[in-house]
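Here chain A shows up in two complexes: once beside chain B, once beside chain C.
This part shows the complex of A and B:
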């Protein structure tokens, strides 16, 4: 909770500092602020406080997901310094909107009331609509923003409709109230309640790009400024999945038979469509978009399993996925900073000769996304799949493993481009901040793979 | 002190790590000192523990380092068994190993891979120590594979020569065949006894009846492993080829230590073998056949190292014969003396090769006596020892094995083995006279370069020569001494086997006869060889000369290599080609590629769904929602 208050203050301060022309102080201030928020947030560990008549509930899951969101945001901010230097004059606006996005994300992982969930999602989404279009002169950026906005509002409609129906049936917005209602009326739940569940599912599925609500993903990822894409691909995923799991685990875990079969179908569709379409993409950002869809498909398995350990599975998976995705975008940004090229996978050609360090970190990231030991991606997948098998969905895991094998194809395409293809010979210099990010992500990826106990034991 | 026994293998491992990692930074002299120093350190520790065993202060001890595998019912600890048998082996490995390390400093001084060579050598010593110190079959297997790897690396040490690489591969592959047997044996041991620890396995085995079929299978499988490592028929052809490695390697790995691992393994498993008389008989005849065949091949070889290699195969056959008749301590005795004199002979040969600038053909040597006096004398002592001339080391150990073979199988074994002994003396004196006596037959340039080797080479020669001379007194026959030192020392290990097997000590009359006949025959052989190679100065014919059929057959090693090529290698290659063409390319590749093609086609097609038109996107979303709701209502 304190995290939300401090971040709001930080967001406002950012706007004013910008107005008074202290632009150089902006980034250090934000980074220090975020670090401080992580520290303060961590102090809420094991306190389990309900805030404001149970509107927000900071249990350990909320604290850990908040910290993950903040940590990933710090990495994005580290990349932003160089990126915004030439991409915008409205630095302070961009920064403060990103901070407000983070607040929305934190609300999504800590809500205890459907109204707060809605506010969180809307804070996150509206900020992102703006950020997607922040490259004002670019047609693609404008298109992305508009597409995202149109489809996002459409999905929000369903979410809101779902909330209303749940309220109509149970008479409460509180998660625990709904849970009690479900337990009391287990045998005779009204139809509007089921429809409410399904419509909420649709609304949330849109946010985490589950097929067939995924269409925005590729177009928006491709059109948005690359840094914003990196932010979207990571923070939105973390918040979306945490929110999804929080709602369904708390309220509906006793009536799984009403939505799990549908989730199974959606998971299979999502995995296959994401992976198979990614195979044919030549645009790196589009490929990552479809790869993010496929990862959403895997992560959906945790919600299907719907157990306490699903939280660990989602936490591990989003952590490993986010860290690797940030690496990929950082390398892409670095190459693009050197010379204005397109986002095609060919830009990685000969990277190993141009910058062995970047090629190496990129390889670790790709291996992690593909789920190869000893990276974090492997252990996260392992934990997720083991969790799903123990819940009795072995057939889903078989399909998921098959899909992982397809994934290897397009992730390795990047590694092959970096190491075995001839490209420009010109050496790439690397900004210190980017170097720092790459070192952190590489170490984090390996650490998650070698010592996953750091996270699993803590929980 | 005995609790510190884990240091023994650790020191060479440290040496290996330093040399292996610091390959580029260490000077030659420093690497030589590190490599020899670590082995010397191990030797000193081993001696103190050994003395403890002699004084009766040390008892057989298991040192448990850590639990290595703990999975279900499978518990394998990383632990060492320090007892009389393992310490004897450790002494040989570190003692002879140290001398050979010192020798290598001189021998390899001009080689660019000097540090790499010593790194491998230290790794070998470490693996070999692991092999003999392990307290269960799995640790032994790790060492077993480790020495196999080092053997491979060192045979192919001069890897720029493709023939040497082929020899290395051959050694490795042939050993792998044996290893498979060993591995299956370990599996069966675990299945039968529920443990791989020596103590538990042997205790369990004592509950079985003699000749139980499980024990027979286990012992046969282990013996297959021993056949590979100790170069017995039919898995012996790699050893002569292994002479491609540097000579110190031949001395250490392919004469004194690694090839005796099979002997050690069977001696260690003596309880199992004693309870499987059928296997013992098989061991006996394989050993006998190998001893004889290898000795005949040795008669006509012209490469000084090849002669010694076949001699090693033949001597290993002797040891297997001893194991086959239940004379475990006699086998260990011969193993010990053989380590001394065969290492000596190889190192002597190395000294000769060093002086001859790499020439190994004895037809091009001759008259080296005056140029290499120390090598000459030490080589002579080695020759006397291996030929079994009293009172040199080989006489006692060989005599003991011969005496054991009197009786069973109507003395056939005794007769063949004695004849083999005669052959041994013939080929050894042939090499000796051709190399050192008569006149020099090499080129003028070689003659110009002839020189005695440096001290690092000659000192190990002298020490080994002394050991080859007096080593036999470790075990005097009954008629000379009441006290057989080695067999008493090893008695606790072979207690069970000695009890089980019937007393078969030969009569005093037989022992006297053997000794007297041996001396007379040996004297005749020496006279004959002197007459042929010194007086008549006879030299073996050049390769292209026509020779009698039998001689030709033996000279070409009975065409065994060619036979293996024809009946094993060629069919396997044929199958490999067929499998590659039909199953791999047509079936598996076709299947795998079609999956890939389907996925790519799917990507190409599905990509088109992403039209970019929002109207279409929303239409699909709505269709999806309707489908979800419908699904729920229909259900």
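This part shows the complex of A and C:
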């Protein structure tokens, strides 16, 4: 809760520091602010406070997801210094909108009332519509923004209808009120309640790009400025899945038989479509977009299992996925900064000779995304699948493992390009901030793989 | 609490039908009942008695939009003050009642300061 207040003040301060022309002070101020917020947020561990008439509920899950979001945002901000170096016209606006997006994400992981869920999703989405179009002169960026806005508005409509129908049936917006209502009327729930669940599912599935609500993903990821894509691919996924799981685990865990079959179908479709389409992509950003769709498919298994341990599964998985994705985007940004080349996978050709360090970190990230042992991605996948099997969905896990095997193919395409293909021989120098980010993400990926107990024991 | 059934929402559907019906009735009715005398002057678009000039689809300077949006923004904020002012006397005992509005106005001021500093109100 304190995190939200401090971040709001930080966002306002950013705007004013910018207009009074202290642009050099912006980035250090934001980084220090975010670090302070992580510290203050961690102090709410084990306090379990309900804020403002139970509008927000900061349990340990909310605190840990908030910390993950903040940590990933710090990595994105570290990358932003060089990224915005050439164009600082609207630097403070970009920064403050990113901070407001983070506030929306934190609301989404800590809500205890459907109204707060809606406010969180809207704060997140509206800020992202603007950020997606923040490269004003680029046609692709404008297209991405408009596409995301139109599709996102529709999804918001579905979400609102869902909230309204749930309210119409149960007479309350509070998650615990809805839970009590479901338990009391277990046998005789009205039809509108089920339709409400379905519509909420559609609205949330859009945000986390579950097939068949994924059509915006590739175009928006490709068109948006690369830094914003990195932010979107990580923070939105974390917040979206945490919100999805929080709603379904709290409210609907006693009537799983009514929606889990639908989620199973969506998960299978998402995994297959995401992976198979990713195989055919030549554009690295599009490939990562489809890979993010397939990862959403795997993560949906945790929601299908719908147990307390699903939270750990999602936390681990989003952490491993986000860290690896940030690495991939950092390397792409670095190569583009040197060459102004396109986003094709061929830009990685000969990377191992040009910069062994970047090739190595990129390899770790790709191995993690593919789920190869001793990386974080492997353990996250293992935990997620074990969690799903213990809930009795072995057939889904078989399909998911098969899909991971498809995934290995296109992730290794990048590694092969970096190590075995001939490219330009020119050495790549690396910005210190990027080097720092790559070191942090590589260590975090390995740490999550070797010592996952750090997270699982804590919970 | 009592369970709500879909049938309980019938009045809403009836209201929709009435609303749509009124529009359809009005359009068809005026078409059937109205006199049909055409002339160049009668078919002209009505512009307060002044002769219409040029095309309505002109590109406007984007500054008009900015000013209009800012006007709406600050105008709507005032709506929050009305219920506050109306209930002011009843809530004098409430310690934070006054300061909450001061805080709100301070935030409003910050926004105003920001748009001035950004140059959103400079016309040239």
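The criterion applied here is as follows: the second predicted complex is superposed on the first by the 457 of 459 C-alpha atoms of A that agree within 3 Å, B and C clash if a C-alpha of one lies under 4 Å from a C-alpha of the other, contacts with A are read in each partner's own complex, and residues count from 1 in each chain.
Following the convention adopted for this analysis, a residue touches a chain if its C-beta (ideal position, glycine included) is under 8 Å from a C-beta of that chain, and two chains touch if they have at least 3 such contacts.
As the structure is a computational prediction, the values presented were derived from the model and not from experiment.
Placing chain B and chain C on a common chain A by superposition gives a fit, with no clash between them. With both structures placed on the common chain, the touch criterion links A:139 to neither chain B nor chain C. Panel annotation: after superposition on the shared chain A, the angle at the CA centre of chain A between chain B and chain C (CA centres) reads 180 degrees, nearest 10. Contacts of A:187 after superposition: neither chain B nor chain C is touched. Legend: residue contacts after superposition of the two complexes on their common chain; A:20 is shown touching chain C, with no touch to chain B. Counted by residues of chain A touched, the larger count belongs to B, out of chain B and chain C. Of the two partner chains placed by superposition, only chain B is touched by A:409; chain C is not. Of the two partner chains placed by superposition, only chain B is touched by A:151; chain C is not.
With both structures placed on the common chain, the touch criterion links A:12 to chain C but leaves chain B unconnected.
Of the two partner chains, chain B is the only one that A:273 touches; chain C does not reach it. Fitting both structures onto chain A leaves chain B and chain C with a minimum C-alpha separation of 15 Å. Contacts from chain A toward chain C in the complex involve residues 12, 15-16, 19-20, 168-169, 171, 185, 188, 190-192. Those residues of chain C that touch chain A in the complex are listed here as 1, 3-6, 9, 110, 113-114, 117-118. Across the interface of their complex, chain B is touched by residues 147, 150-151, 154-155, 158, 194-195, 198-199, 201-202, 206, 212-213, 215-216, 218-219, 258, 261-262, 273, 275-281, 406, 409 of chain A.
By the touch rule above, chain B contacts chain A in their complex via residues 596, 599-600, 602-604, 606-607, 610, 612, 614, 616-618, 620-621, 623-625, 628-629, 631-632, 635.
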